[in-house]
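Letters are used for the chains, namely A, B and C, taken in the order the chains are written, and counting of residues starts over at 1 for each.
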Amino acid sequence: MKAFQSEDPLLQVRNVTRYYGDRIGCANVSFDLWPGEVLAIVGESGSGKTTLLNCLSTRLAPTAGAIEYRMRDGAMRNLYQLSEAERRLLMRTDWGFVHQNAADGLRMNVSAGANVGERLMAVGERHYGNIRATADDWLGRVEIESDRIDDDPRSFSGGMRQRLQIARNLVTQPRLVFMDEPTGGLDVSVQARLLDLLRRLVADLGLSVVIVTHDLAVARLLSHRIMVMRHGNVIETGLTDQVLDDPREPYSQLLVSSILQV
Amino acid sequence: MPVRLYLNNVGKSFTMHLQGGTVIPVVDRVEFSVDTGECVVLGGPSGAGKSSILKMIYGNYRCDKGQILVTVGDRIVNVADAEPRQILRLREDTIGYVSQFLRTIPRVSAEHVVAEPLIAQGADEAEGLDRARALLARLNVPERLWTLPPATFSGGEQQRVNIARGFIAHYPILLLDEPTASLDAANRAVVVRLVEEKKAQGVAMVGILHDQDVREEIADRIVDVTNFSAEAAA
Amino acid sequence: MTGTAQLQTYDFAGGEYNFAYLDEQTKRMIRRAILKGIAIPGYQVPFASREMPMPYGWGTGGVQVTASILGKDDCLKMIDQGSDDTTNAVSLRGFFEKTAGVRTTYETSEATIVQTRHRIPEKPLREDQIIVFQVPIPEPLRFLEPRETETRKMHALEDYGLMHVKLYEDIAKNGHIATTYAYPVKVNGRYVMDPSPTPKFDNPKIDRMAALQLYGAGREKRIYAIPPYTDVKSLDFEDYPFEVQKFDMPCGLCGAENVYLDEVILDDKGGRMFVCSDSDYCEERRAEGHTGPMAADPAAVHIGGGKQEETDR
């Protein structure tokens, strides 16, 4: 599998701006995302990274700017000109969204199998045996034992819930996945396992990912490219190792120098 | 012999914003080229900027001025102003980097760590693992360690895993950042042979080698970095 | 009929109640909702549900629908769980006898309007009949999605994956689809609908039914409808197809098979029997001379006897 070969970007973001009243959420953000590329948006709380992620994933309409996405038929479409039906189809087939709090992305009152199978049923799969087999396969891929397939996520640990959320998102083979602090709030050892799993799945499936994180180690391990945000503006952008090893802007240098060394 | 890599008037400094914007010059007017099948070793004392030059070629450090031209097939790419994705593509199939230190990835076994660059170039997993095991054996990494994650290995073992990872795939340009430091004589000899094999395949190499014996064995030319750093400071 | 004598003492011309209790403007409003419901089969039409002189849960939705379509010549049948003589049916029948003075009946074939709580008569309904269902919770997606704004969007976008999640859960937890009543259906290939808490045994009856079906939910302020001969498909999986309940014995009183049976406890020593839930159907069969295996049982005579008397009236 060869990454970075495609000439056509998957997502084109131009001057995306979001105001909350007079306050800036994010301002004039522009970038392209190519197939197979992982972009990390880093910055401290309130830097606008989650606002930007919500704008990109059509969960929050930007005040200004344009976001275009290459649909499976190859055509670029403005996300905010899609009909609600097209948008929903996109979100449950071609996209994924991994929330920091797994409970926000899971149905806590239905079984793990049904959580994974929901997207399949939503796109018309009507064979129980096939849905269950696919769900079982995906639980295996995120390292959840087969015998937990009929258990509710309420009985799962934080790390397991997060892995279940990932399986639920990836079952329809999306091309673009948004992640909002996917390792936040987890123990360090649980975090390491999840990161490794994400890294492998992203590479195996050739996923494009936009990941919001305040943890530069997470960005280093998962992302190809990094975007540093502060006060709603993009401060610095570039190759992940370039920005982390040779940060140019004062704020990026501060951020990098603030990492605790173990 | 065709030129593979050409550095033209390259300069680099660091601005330390957290220390009142102090500017630390590193190198300036760096100019040299590397041909196919040639191994150029950067000479000069520690702090002369050898590592920085290697990192700029790899795109890890930004280049403030000048050009770093890389021949890719019939095209020439300037690393100094390339888009991130162009650099990623170069790292996948054109420029390899063997560093001193292994950045371990949790839970990934040594043989998978080694095989990864080859698999990224399109080899299937079985072939990648076969080649990885062969290389680990050549570098005398005990077989019982191959399926374990290298995080708990000794420094020397980790270094050899990293060398195997650096040499497994074919890159027309290979950067060697002290690959033999702290290796024993037997393993140093293995690295020398690996370098000779790459040369025979036409790989252009730039290296930093403090080990006098190894340097004499593999260097076709030595470029003294002191000249560039002196100019930078001036 | 005991009620008839009472009714004659009322003077409707004197205006104690408007015909069928509701004022004419309200009836028009409800009829418009009904017409819209018929035009969009299975779609839940909001309507301005009125306070009725009975508690929610007693069929205020069904009563308002019936009141709006009732004419002086109609003959009304009221069913509660298949029976004409349980509390709810008796009260609502009394309500319309008092407020509309229309003819009422126990016999399915005689009725022009059947208002029902939780059953559909065993005897097939005809084109000249209308069946009105009392609905407690009209939203079939409510189980998994509590937000009304979201369920409306899901209907609008035909985003029905959730319904199958519910059925999936059933199979995963019970080995089969264990939903036995309020079993979701897709109407005319478009809207997913809750057929009210009727047993799924009755679902095949609502598919291509000759009679017009009207559903009223008073507390939830929704009306929906299925026009005659509309395709209604019960949701299922390819490898777990929809099935109705099967009873491994006939009705203890009339011997009917392939009908919905109620369990009746006979004594406190574990004695029990299964009888037709549709009491009118059972009595008609017995009048025709059919007898079930327990028809001669003294306890059975007691059960069936009471009903027999009323039918004779």
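Simple rule for what comes next: a contact is a pair of C-beta atoms (placed from the backbone, for glycine too) under 8 Å apart; a residue touches a chain by one contact, two chains touch by 3 or more.
Computed from a predicted model, the values in this text were never measured in an experiment.
If the chains shown are joined wherever they touch, the resulting network is a simple chain of contacts running from one end to the other without closing. Of all chains, the one whose Cα centroid sits at the greatest distance from that of chain C is B. Among the chains, the centre nearest to the mean of all shown protein C-alpha atoms is found for A.
Averaging Cα coordinates per chain places chain B and chain C 79 Å apart. Mean C-alpha position of chain A lies 48 Å from that of chain C.
Look at where the CA atoms of chain A average out and do the same for chain B: the two points lie 32 Å apart. Taken residue by residue, chain A touches two or more other chains at no position, since every residue touches fewer. In chain B, no residue touches at least two other chains. Residues of chain C that touch chain A in their complex: 144, 153, 156-162, 164-165, 168-169, 171-173, 236-240. Remark: chain A residues 1-5, 34, 37, 192-193, 195-196, 199, 221, 224-225, 238-239, 241-242, 245-246, 248-250, 253-254, 257 touch chain B in the complex. Considering their complex, residues 84-85, 88, 92, 107, 109-111, 113-114, 117-119, 121-123, 126-129, 131-132, 149-150 of chain A touch chain C.
Against chain A, the residues of chain B that register as touching in their complex are 14-18, 55, 59-62, 84-85, 87-89, 92-93, 105-108, 120-122.
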